[in-house]
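Take a look at the structure set out below.
Order of writing sets the chain letters: A, B, C and D. Residues in each chain are counted from 1.
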Amino acid sequence: MGTVRYHAKLPGQKAHAPVDVQPRGGGRYAVTYNGKTREVDALGLEQGTLSLLVDGQSLSAEFEQGNELLAVLLRGQVTKLDIVNDRQLRMRAASASFAAEGKQLLTAPMPGKVVKLLAKVGDEVQAGQGLVVVEAMKMENELKATRAGRVTEIHVQEGQAVENNAKLVAVE
Amino acid sequence: MGTVRYHAKLPGQKAHAPVDVQPRGGGRYAVTYNGKTREVDALGLEQGTLSLLVDGQSLSAEFEQGNELLAVLLRGQVTKLDIVNDRQLRMRAASASFAAEGKQLLTAPMPGKVVKLLAKVGDEVQAGQGLVVVEAMKMENELKATRAGRVTEIHVQEGQAVENNAKLVAVE
Amino acid sequence: MAKIRKVLVANRGEIALRVMRTCKELGISTVAVFSEADRSALFVRCADEAYCVGPAASRESYLRQDVILDVAKRSGADAIHPGYGFLSENASFVRACEKAGVTFIGPPASAMDAMGEKTRARANMIKAGVPVVPGTDALSSVDEARAFAQKVDFPVMLKAAGGGGGKGMRKVEDPKEFDSAWRSAKSEAMGAFGNDAVYIEKFLDKPHHVEIQVFGDTHGNVIHLNERECSAQRRHQKVVEETPSPILTPKMRAEMGEVAVRAARAVNYVGAGTVEFLVDSARKFYFLEMNTRLQVEHPVTEWVTGVDLVRWQIQIAEGAKLPLLQAPTPNGHSIEVRVYAEDPAQNFMPSPGRITALHTPSGPNIRDDSGVYAGYEVPRFYDPMISKLSVWAPTRAEAIERMKRALSEYMVKGITTNVRYLSAIMDNPEFRGGDYDTGFLPRQHQALLGRENEHLTELSVIAAAVYAHTQDEKRKAALPAAAASTAPSRWRSFSVAGRRT
Amino acid sequence: MAKIRKVLVANRGEIALRVMRTCKELGISTVAVFSEADRSALFVRCADEAYCVGPAASRESYLRQDVILDVAKRSGADAIHPGYGFLSENASFVRACEKAGVTFIGPPASAMDAMGEKTRARANMIKAGVPVVPGTDALSSVDEARAFAQKVDFPVMLKAAGGGGGKGMRKVEDPKEFDSAWRSAKSEAMGAFGNDAVYIEKFLDKPHHVEIQVFGDTHGNVIHLNERECSAQRRHQKVVEETPSPILTPKMRAEMGEVAVRAARAVNYVGAGTVEFLVDSARKFYFLEMNTRLQVEHPVTEWVTGVDLVRWQIQIAEGAKLPLLQAPTPNGHSIEVRVYAEDPAQNFMPSPGRITALHTPSGPNIRDDSGVYAGYEVPRFYDPMISKLSVWAPTRAEAIERMKRALSEYMVKGITTNVRYLSAIMDNPEFRGGDYDTGFLPRQHQALLGRENEHLTELSVIAAAVYAHTQDEKRKAALPAAAASTAPSRWRSFSVAGRRT
């Protein structure tokens, strides 16, 4: 069985690094990363769980696929990373787009209710200034501007229920 | 929404009894059985689990579909019953066959290993006489004849691993 | 009073389950009330009976006295256990229960009146000779409030007069933050207790939050069951509690216990209550408030005293005498941590959502009081606490190691929790030293978010690559015309074998 | 001796996990060894390292001394914990460990020699002045055995000389059954211990099985940690254990404890051991055997003494002195039940297979020592015990109610378990009375299988009909051309909403 190349990018890293997976049958693999090759025995349990033996070390690994990154839970540490195969990496390169610069779009970090708007369209705001208060689970959470600028869009009203990731306020 | 009729047969009962299920929307039903109509609020949770409120009583019901019967686990009691809809009941009636009489086929009640055969083809055996010893989970289990008769078939050898429900010995 | 036969639990989540468990052991039937958002909750499934009392918002369900009393009547419940929060410290509800002929499992309305409104409690305690923190009555205007704060000097604490549990509470260090803190404290207090009265207390130097569990019966006996150290707080909510307090000497324990009993006696207290104190750096202690109900963190007291506090609550509501007439000597050490659906790295932002997988710890001297299960969706409407994990061990050092071990077994998927943060607390030198004040968690925040272990990161990359490979193989195997270049994968046979993959 | 840094656990299932939990709390790394049938087991996932030692059959894996010692060497383990069963009472393995320079966490080979072979143990105990049950040495022929049985008169017990735990044990009441019992006892003994020697003991009148936990250190100290009552047995395997024994007076406890310590001293015992006694209807007690290892039912002793027995084992193996020099007074009451994958209604037929759903109990003073998880396939090759559930309460009556409550929360799907049978034991008047002998479970068998509750049956029919309806609706919704006569079902929206339905 041939070696399959994957590409991993950890947060803070500029580029993907190769990870070579060589299946050896019976759930065994030789995996090469960072110049080291390790023996891996992998057993799939529930959806998103692998029992791994890596050079004898026993690791119960849990996986959760997010919108962009794969979260790996291993011995209490959560590592979020981008992991793609060759084809996916090529597609990624082809469709790379330039993110809009300069605009900060504040989105709801969890589902909740907008209890107060602290700015209106046209306001000049400072970095760290509160823009909107969202209540979730009986706690009020003030969401702040991460940059100075002018409020250009407000997508919600006071009293409105918002879903996770809903657009709230834009600052440019 | 119209009433849907089901038919339930408990162990020991001769015939199916009707159970009328009338959906009322929002997970609510009126269920009529044994001449009584009850209000039921049903919420499906995991596969095979219903949270039921029956006239206010809260019941967490677990279901397991066996080969023939549906097992219902309710407050610690397991009730096995046959439950079918109209169509299934008609099909059942159409295909009813007469079970072979007089022959007792001993099958493996669990997966295990045959450690000893205690009879051979042609032997006359008494009810309660040991026919075969199956080891499972480090315990030996002697399986006995439920009727007197003559051993007519032996399907296994000593040392052989057997699956659940595997044919072992027939007595006629 | 007659034996209680059926208890309506006017609460939700883990505490509803906690109360029902003791009821079950006492042969008492249980009635759950639930909001529409809680139809799938574990406490509904575990009750003998369950009735919907309204929509998600607490004010329209768990705070509806009329609807809850109506359910009590319909179901034939002879008593109501209020848990903590919601109606548990609401004297008008106690009176309504009395009027309806239903036993309220808790203190009489008079004791609640005397202690429930925090400012009135201060006045009563001053009268009873109990030391209190310098502070005000409830204040009517932000200007009056600001003026007091400037007089006693910052930092100050804003507190809801109508209730506890960190709701409507704000520490203000900077005069510039005062107005915004005042506004949000009032708004939160209104949401949580239906009462937006807020008062001010001077913030003490490096205070410890130490509380004494008290218990009274209807025969005039009042005892205490030792203390709980609750100084590990974030956003004024407790995160870790333990008993004995690492800073208490037996002499202090006896003194604080005596004062707490005096406080309870002053209001003719009956049932379970907690007298909260602040202990300053000179180890002087001040009455803070009395919680006239069962406390979230009661399990640590249960571990070291062997007492089932809910059982006592019920028996005392039935008219029994206290089974003990003095504080038992603490046996060993207990620690509790609160598992929250929240992200410590995002300012403890709540993280409601569906729990896709759950593994809770077990083994010697571990207790998990949980209100959730795998497949359950944590609703967005209520407190983000999903479980309380507590341990017991002969010594504090062993209890810390046991808690670390237990947390290492705790696995929740689908939502973000503070499990790793809790584990970092157990490893933190200040926590391990034992002398941590209420500034501990904010002060150590960055350290508690943890540092990346590079070895684990490397292993995670390897694990991710193997996982990606198995996923790719499964996808191939699922396609009708799979890429034939790869040999058949064992992953395919797993799904065929019936594993939920 | 040096501190232990890394422990190889030469066992499987719940006991492997149990040992690893304490190791983790002590900061000791753990190494699992597993058979091919156990690759997916929980103890493999929870160990720091794990190595396969052979195929499913114990003789080719868990009993392979050479392979296990090789793993110890390769992994750098400095100690081996044998758990119970397998190599735990194998003196040759102790010697092999010594030769390999690996600490065996258990008694010295000499003590095992003196106690391990049950017939030699009897001789040693007679010499030490300890009362024993009338019986024989290991017997070479079935004729010799039958002759002894006829001499002392039936009923008699056949027992494996090489080990305990009910394996290779048969009670024979009827001379006609003797030969078949002899054959199967020998065969089972060979399978379990690699030694088919069998001996005979007279069966006492209504005996109680009461055992004393003992502990010795390398400095010559030996103490006992009180008793466990283990008379609830089926097929000579313990099902329920409790401490204190309901039939023991403090005076008997002191006497039996003293005799147990004497027995342990007679063989220079070190580490954890259990001296088993039979107590007859006149409350006279007789030495039965000594188990030179940790006992399955050790959690009940841990509950009432506060001692972590595995921690003590490790510390004593490191050369520490016993932390206590006399038996602690029992604190409260503890009961353990063994949850087996078996069908009590089918003569306790084992029921291996996949656990499709699992909910374990929790709350105050509940401990679940489990080796399984949802999705796990219980292998057919080993003991059918999947978990030990234990509880603590101040009194026996409360402990029984707590156990009932805990069992009511235990839900295992996919395989048959004895959970309901265990619950029936808690309700049984003979058990509740406290004076139940080893004939209790067989005698009450029919009663313990439980009677149908007609009200529950009726509700089950209703539940089944609603379930069938929801299944029918789901099927319709899944069909491209669904029968249009039925309105859209909410069940469909549930699956869309992402519930695993």
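Points worth noting:
The criterion applied here is as follows: contacts are C-beta pairs under 8 Å (C-beta built on N, C-alpha and C of every residue); 3 or more make two chains touch, one makes a residue touch a chain.
Please read these numbers as outputs of a predicted model, since none were measured by experiment.
Across B-C and B-D, the chain pair carrying more C-beta contacts is B-D. Centre-to-centre, using mean CA coordinates, subunit B is 46 Å away from subunit C. Separating the centre of subunit A from that of subunit C, both taken as means of CA atoms, is a distance of 31 Å. Rounded to a whole number, the gap between the C-alpha centres of subunit A and subunit D is 46 angstrom. Within subunit B, residues 45-46, 57 each touch two or more of the remaining chains. Contact with two or more other chains is made by residues 46, 374-375, 408, 499-500 of subunit C. Here, these are the chain pairs in contact: A-C, A-D, B-C, B-D, C-D.
Subunit D makes touch with subunit A in their complex at residues 32, 39-40, 44-51, 74-75, 374-375. Within the complex formed with subunit B, the subunit D residues making contact are 167, 180, 184, 187-188, 191-192, 235, 341, 346-347, 349-353, 356-357, 380-384, 407-408, 411, 413-414, 419-420, 423, 450, 452-453, 456-470, 472, 485-487, 489-491, 494, 499-501. Interface residues of subunit A, counted against subunit C in their complex, comprise 1-2, 4, 6, 8, 10, 19, 21, 23, 25-27, 29, 31, 33-34, 38, 40, 42, 44-50, 52, 54, 57, 59, 61-64, 70, 72-79, 81, 83-85, 109-112, 115, 130, 133, 135-142, 164.
Touching subunit D in their complex are the following residues of subunit A: 43, 45-46, 51, 53, 56-58, 60. Those residues of subunit D lying in contact with subunit C across their complex are 17-18, 21-22, 24-27, 46, 299, 302, 306, 308, 331-332, 354, 359-360, 362-370, 373-375, 393-394, 398, 401-402, 404-405, 408-409, 498-500.
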